[in-house]
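Below are two complexes that have subunit A in common, paired first with subunit B and then with subunit C.
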Partner chain A sequence: MSGMRQIAGRLAQLVFVLWAVATILFLMFRLMPGNPLAAYIDPTFTEEQQRILMARFGLDRPLWEQYLIYLANLLRGDLGDSFFYRQPVFDRIMELLPNTLVLTFSSLIIAYGFGIVVGAWLAWARGGLAERIVIPVVLTTRAMPEFWLGMVLLAIFSFWLGWFPAGGTRPPGAEYDSLLALYASRDFLSHLALPVLTLAIYSQGLPLLLMRSNMLEVMREDFVTMARIKGLPRWRVVVLHAARNALLPVATSFAIAVGYQIQGNVVVETVFSWPGLGRELVNAVSASDYPLAQGAFLMIAAVVVVMNLIADLLYGILDPRVSHA
Partner chain B sequence: MPEAMDASPGAAAGGLAGRLWRGLRLPLGDPLAVFGLMIYVLFILTAVFADQLATHDPTEILYTPDYDLAADRRPGEDGYILGTTSLGRDIWSQLVYGSRSALLIGLTAAVMVALIGTLVGLVAGYFGGWVDAVLMRLADIAFGIPFLPFVIVLSAFLEPSIWNVVLAMALVLWRDTGRVIRSQVLSLRTRAYVEAARVCGSSDLKIVFRHIAPNILPLSFLYGSIAIGWAILTEASISFLGFGDPDTISWGTMLQDAYASQALSTRAFHWFVPPGLCIILVVVAGFLVSRGYEEILFPKLKE
Partner chain C sequence: MTRMFRMAAAAMLLAGAASSALAAGDRIRELKLITRPQAAQPSEFQFAQIIAQEWRKLGLDVKVEVMPWEQMADVVWYNRDKWDMTAWQMVGRPERSDPDELLYNLYHSSTSAKGYNFVGYSNPDYDRVAEAQRREVDQEKRRALVFRAQEILAADQPVMMLVHPRSTFAFDKTVWDPASVVNQGGIGIKNFWTFVSIRPLGGQRDIVLNSSDNVQGINPLWISGGTDSWITELVWDRLLRIGPDGLPRPWAAENWEWTSPTSITVTLRPGQVWHDGKPLTAEDVRFSFEAAMGGEAPMYAPFVRNIAAIDVDGDRITFTLKEPSAAFLTSTLAKINLIPKHVWEPVLADLATREENAESHQEKMPIGSGPFRFVSWTTNEEVVLEANRGHWSAPAADRWILRIVPNAEAALGMLRSGQINFLADFPGDPKVLVDAAAADGDLEVVSTTDIGFRYVAFNNRRAPFGDPAFRRALSSAVSRELIVKAAFKGFAEPSNSIVSPALPFWHDPAVDNMPTGLDLARQILSEAGYELVGGKLHYPDGVRETLAE
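Let's look at the complex of A and B:
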C-alpha cells in the first residue's frame, strides 16, 4: 500500500516539475525584449496566417489568459508552428526524436556494457598496476569536452583515415522506404559509428567507477565472506555473488544517464550534423525559430524529468531496503 | 569532523592571513589533490603573466614581411610556437590568453554555485518546515531543467557574453550543493554542541554561521572545485555552438574557430588539440581537488 502511495507522490511531483518548467519557459519567451508576439508569429507570415495564430494562442488577450491557453495547448500537444519548416512543431519533434534516441541508447548500452565489465574487473584486481593506470584515464575521459572528443575522432577516422563519413545519417540523396529500413542499413551504421563512439567514451566512466566502488563494498558483506568460506572458487564468488548485487545501483544510474545524455547530445549532434533534437534546438535558437526552440526544450526537459522518476522508482524496486527506511 | 588541516604549512602564520589560509582547508594531505592544486597554480600564473608569455596579440591578423597573410603556419614555422590559424592569428598567444577567461568564468561560477548552494542548504536544513519545503521544491524544479539547453535558450535572449554561463549556473546548478549540504545540516543540528549553544541563548544566525557553517565548508569547497570545471566545459560548449562572445578569446572560441575553418579536414591538430588538453587539465584538477576534500570529510573512504 505504502508503495502505491509513494509512486503517486512521485507522479504528482513529476507533474509539478513539468508544469514549473513549462511556466518558466513561457515567462522567458514572453518577457524577452522586442515584440511579445515574436514567440509565435514570424514577420514574414501572411496576414491571414497571423490572424489564425493570434486566435490559436490568444495573443491579443491579457498575459494570464495567454498563459492558460498555452497550458491547455501544451496538454493537447500543440506547440505552435515552426517558422522555418512551416509545419507543426510537434510533428517536427516527433520526426527527430527517433534519431536522438537511437544515438543515446546505442552509445549508453555500449558504455554500460564496457563500464560494468571493466569496473568489476578493476575491483577484482584492486590495488594493482591496472588500477593506477585505468582510473586516471577514466577521470580524463570524464573531463573531456564531448564535442572536442568528437572533433578529434572526426579528424582522425573520417578526414585522415577515411574510414567513416563525416556527418549526417545517410549518404546524400539516399532514400529509404521507412525509418526501420534506414536504421538497418549499412550506411546508417557507418554514420552512427563515430558519434556513438564519442558518446560511449564519455559515458563509460560513470558505470565503471560506480561498478568498481559497489563491488568493493559488496565484497565486504557477510554473504560474500560466507561464500568464500564455503570454498567456492574466487571467480564464482566475484561474478555470481558480488557482481550480481553490485549491479543494482548501476542499473538505476542508467536512467539518470539517459536524461543526462539527452542534454549533452546538443553538442555532439552539432559536431556530427546528426539530425536530432539537440541540433534542432541549436539551429532553432540561432534562427530565432522560437516555437521550435520552445518545443525542443520542453521535449528534452520531459525526458530528463521522466528519467529521474524512473531512476527513483527503480531504486526502490531493486533495493527494497530503501523504501522501508 | 576533526581538524585535519592543522599541520598545513600556512597554519603556522598567525593573524588574518593564517586564518584565511586555514579557512580554505586545502587538502594538502593527498598527493593527487596536491597535483590538482599545482595545475591550478600553473594556470593562475599563466593568466596573470599572459602579457609576458604571449608572443603576439591574440586577435591580431599577422602578415609576412612581404605583406602576405601569415595563415595556416605549422608549429614552429616562421617562429610561431603553435602555428597560426587560417586567419593568420597566433595560436600560442590565443591559448595563453584563453586561460584568463577560463579562470574568470571558472572562479566566479564556482563561488556563485558554492555560495548559493551553501546558503540554501544551511537555511533549508536548519529552519526546516515550510522554508525547507519551498527550497527543496525549487531544487526539484532545478533538477528538471536540462542545463545545456537552458544556457542555449538563455543566450537567445541575452547579449552574447561569457557571463551568461555564470548566470545560468547560478540559476540552476546550486541544486546539487544545496541538497547535499541540507542533509548534512539536518544531522549536525541535532548534535549536542548545537543544542548547548541554543540553551545558552545563541541566536539562530549565530548558531548557523558560527557553529554549523564551518563544519560544512569542505563540502562547499568540494562542489566549488567541481563547478570550476563545469563552468569551463559549459563555456566551451556554448562558444562552440556559436552563442559565445565572439570578441573574447577563450578555449571554446578557439575550438569553434577551428571547427568552422575546416581545421579538421586540413588535419590541423596543432590548432584544436591544445585548447582541448587545457580544458581537460583544469577539469581533472577540479576532480582531484574535490577528491581531496572528500577525504577530509569522510576519512573512511580512504583505503
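Let's look at the complex of A and C:
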C-alpha cells in the first residue's frame, strides 16, 4: 500500500518537474536575441509574407497568450508545428528518437558491462601491475574529447581500413520494410559500430572507477570478511557477495548517465551523420525553431526523469532497505 | 599693388587656417561594424578585421561587433536606423542569373522601408534606370540600362562590394566521365545540367552526393532550404530552364514568342507525362501558375504578381502581363514548378478551408514530370531519386542519392574512400579540398566564380554614410586583392558590381578594377571637406553629427 503511494508521489513529482522544464523552455527561447523569421530573410520575401508567417505560428500574439496555448497543446500531446520544417514536431521527434535511444543504450550497456567487470577485476587485483597500467589508460580515454576520438576512429576504421561506413544508419539507397528490419540488419550494425564505440570509450570511465571504489569499500565490510572466514572460494566472495552490493550506486549512475549521454550524442551524431535527436536539437536552436527545440528538450527531459524514476524503483528492489526508509 | 595682394593673400590664408581649426565639423563618432563569429563565418570575421584596421588609418574609430546570424539579422533588418555598418552576403541561385531581382530589390528606393534595400539607398536616377531595365524587352537596350545601373552604383557606393566567392565542388573521376560534367556559369558543377548528363564510366551508376544541411521539405509550392531546391529542380519540370550560360532556354515549353510587350505565348513540348503516368497538359500548366497566384503558396506569389491572365489554346499557353517585364522568362517561366492538377486541385481546395497553406503539405509520394522521380526520404539522413527513363531528356545515371553529412571533414573522407562520389557541399576550407584532391589522384575539383557576393553594407540613412563621398572614401581605402588573399585564401574574385562577372552578358566590365589605396581615400575625404584634427577625422566645416535615435 505504501509502495503504491510512494509511486504515486513520485509520479506527481515527475509531472511537476516536466511542467517546470516546459515553462523554462518556453521563456528561454523567447528571451533569446534575434527574430525567428531571420532565417527567412530574402529579397523575394515581402512584408506581407512575413506577417502571414508570424500569424501562422501565433507569434503576433502577446506572450502570456502564447504560453497558455502552448500549455494547453502540451496537455493534448501536441508539440506544435516546426517553424523550419512546417511539420508536426511530435512526428519528427518520434522518427529520430529511436535512433538516439539505440545509440545511447547500446553504448551505455557496453560501457557499463565493460566498466563493471573491469572495475571489479581491478579491485580484486589491487596494488598489482594491472592497476598501474589500466587506471592511467582509463583516465586517458575518459579525458579524450568525443569529437576528436570520433574523428580518429573514422580516419582509421572507415577512411583508411574501410571496415566500417562513415555515416548514417544504412547504405546509400538501401530500403527496409520497417524500422525493426533496419535495426536487425547487418548493415545497421556496421553503421552503428563506430558511433557506439566512440560513446562507449567515452563513457566507460565512470562505471569502471565507481565500481572499483565501491568494491574496495564493500570488501572491507563484515559480511565479506565473514564469507571469507567461512572458507568460500575468493571468486565466489568477490562476484556473489561483494560485487552485488557494489553494483547499487552504479545502477543509479546508469540512469543519470542516460540523460547526460543524450546530450553528449550531439557531438557523436554530428561526427557520424547519425540522424538522431541531438543533432536535431542543435539545428533547431540555431534556426530559432522554438517549437522543435522545445519539443526535443522536453523529450530529453522526459527520458531523464523517467530513467531516474526507474532507478529509484530499481534501487528499492536491489536493496530492500531503501524502500523502508 | 603686388604688396597689397600679398598681404591680402596672407590674411586669407591665416583666416582659412584659423577657421579650419575652429570651425571643423564634429568629430566622427566611433563607428561599429557588425560581423558574424569567427567559428561560423571565418572569412567574414577576417575581412571585417582587415577593413576596420585600414579605416583606423584614416583617423576613424572603428569597433568590430560580433553577433550570431539571428541577432545580426534582427538588428539590421528590423531596426533599420540603429546600426552603422554590417558584413553581409547574397547567395547565388539560378534565377538570379537575371540581374533584375538584385538590381531592383536591393537598391530601388521603394524597398527601403521594409524590403531588401535595408541599407536605405535612395537615388531617383537609379530608380528610373532600375525600372526601365525591368520593362525593356529588347535585350541589347536592356543590357545598356543594366550597365548604366552598375555605373551609378559604382559611383555612389551604397555598399562596399568585396568579392564574388568561388564555389568549389569535387567528384570522383574514376566513377564519372569528367567530360559529362557541366559547369554552369555562376553556379558551379553542382547543378541540374550535371545531374541530368553525368555519365558513369563503370558499374557505379548512382550519383551519391552530400549536403551538410537537412532537407526541410520536398514541395513544389514552397521555397525552402538551399538543398531542397536541388531536389525540386530534378523532380518538377518548368516551362523554361536557366541554361549553363545563365540565359533562359526552352524546356517543358518548346519555344516562346513575345506577341506584344505584355503578351507571351509558349508551346508545350508534346508527349510529356507525370510520374504517375498521366499526361501533362496545358491545363496543368495553367493550374500550376494559378496555384502560385492563389494565396496558398505565398513564397511564389511575387514571381506571378505581374500575370494578368492565362489563356490556353490546345498546347499553346498565352500569358498576358500587367506591365512589360524583361525578367519574366527567368523569374517566372523558369521559376514556377509544373504540378499535376489531378493531385493538387483537391489538396488546395482543402487547404483553402484551413489556416495552413501549401507549405505545410508534404506529399508522401511527390509527383512531378522531371527527369528524376521521387523514391524515398529518410528524415535527416537521405533522399533517393531514380532516373525517369520515360523523360525526353532522361538522365544517364540510375539514381540520385543525397546523403546528409553535417561534418565537412567526414564528407571529404567519404569522397576519398568512395562512400560518396560527388561532393556537392563542402563548408570547409577549399584549400584543404584542393590539397586532398592533389594527394588522391581520383578526384577532380572545380571552382567557379559565384553569382552571389560578400560585402560591407553602409547604413545610408545614418550620418556619416549619407554622404556618397564618405562611402566612396571608405570603400576605396581597402585593397580587394588583400581581401581575396587574406580572407578567402584566393578562392574569390574581387568585385565592384552586384552583377557577377560570372554573367558576362550582364556584367559591366567598366566598373571592374576600382582603384584603391589609403592615399586615394584621404584625397577623397579632404576634397569633400573632411578634416583631420589631432589625428581624428572630423566632419566638414560646420557639420554637426545628428542621429535619429
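Assume the second predicted complex is superposed on the first by the 261 of 325 C-alpha atoms of A that agree within 3 Å, B and C clash if a C-alpha of one lies under 4 Å from a C-alpha of the other, contacts with A are read in each partner's own complex, and residues count from 1 in each chain.
Here is the rule we go by: contacts are C-beta pairs under 8 Å (C-beta built on N, C-alpha and C of every residue); 3 or more make two chains touch, one makes a residue touch a chain.
Owing to the predicted nature of the structure, the values given are computational and were not obtained by experimental measurement.
Participant: Which of the two partners, first being subunit B and second being subunit C, lies in contact with A:Gly264: first, second, both, or neither?
Facilitator: first
Participant: Going by the contact rule set out at the top, does A:Leu18 touch subunit B (first), subunit C (second), both, or neither?
Facilitator: In the superposed model, A:Leu18 contacts subunit B only, not subunit C.
Participant: Determine, under the contact definition given at the top, whether A:Glu280 touches first (subunit B), second (subunit C), both, or neither.
Facilitator: second
Participant: So in the superposed three-chain picture, is A:Gly162 touching just subunit B, just subunit C, both, or none of them (first/second/both/neither)?
Facilitator: In the superposed model, A:Gly162 contacts subunit C only, not subunit B.
Participant: Given the touch rule stated above, what does A:Phe223 touch, subunit B (first), subunit C (second), both, or neither?
Facilitator: Neither partner.
Participant: Is A:Leu96 contacted by the first partner subunit B, the second partner subunit C, both or neither?
Facilitator: Only subunit C is touched by A:Leu96; subunit B is not.
Participant: Taking the superposition as given, does A:Thr140 touch the first partner, subunit B, the second, subunit C, both, or neither?
Facilitator: Only subunit B is touched by A:Thr140; subunit C is not.
Participant: For A:Arg56 in the superposed arrangement: first (subunit B), second (subunit C), both or neither?
Facilitator: second
Participant: Scan A:Arg86 for contacts with subunit B and subunit C and give back first, second, both or neither.
Facilitator: A:Arg86 sits against subunit C, while subunit B stays out of touch.
Participant: Just which bits of subunit A does subunit B share with subunit C as contact spots?
Facilitator: 32-33, 151, 154-155, 158-159, 166, 270-271, 286, 288
Participant: Provide the residue numbers of subunit B that touch subunit A in the complex, in ascending order.
Facilitator: 137, 140-141, 143-150, 152-157, 229, 233, 236-237, 240-243, 255, 258-259, 263-265, 267, 269, 272-273, 275-276, 279-280, 283-284, 287-288
Participant: Under the stated contact criterion, what part of subunit A meets subunit B in this complex?
Facilitator: 13, 16-18, 20-21, 24-25, 28, 32-33, 139-140, 142-149, 151-152, 154-155, 158-160, 166, 259, 262-264, 266-267, 270-271, 278, 281-282, 285-286, 288, 293, 296-297, 300-301, 304-305, 308
Participant: Within the complex, which stretch of subunit C touches subunit A?
Facilitator: These residues of subunit C touch subunit A: 68-71, 73-74, 77-78, 90, 101-102, 105-106, 114-116, 206, 208, 214, 216-217, 222-223, 298-299, 301-303, 355-357, 359-360, 362, 375-376, 378-382, 384, 399, 401, 403-407, 409-410, 413-414, 416-417, 419-420.
Participant: Name, in rising order, each residue of subunit A that touches subunit C in their complex.
Facilitator: 32-36, 38-39, 41-49, 52, 56, 81, 84-87, 92, 95-96, 151, 154-155, 158-159, 162, 165-170, 172-173, 175, 270-273, 275, 279-280, 283, 286, 288
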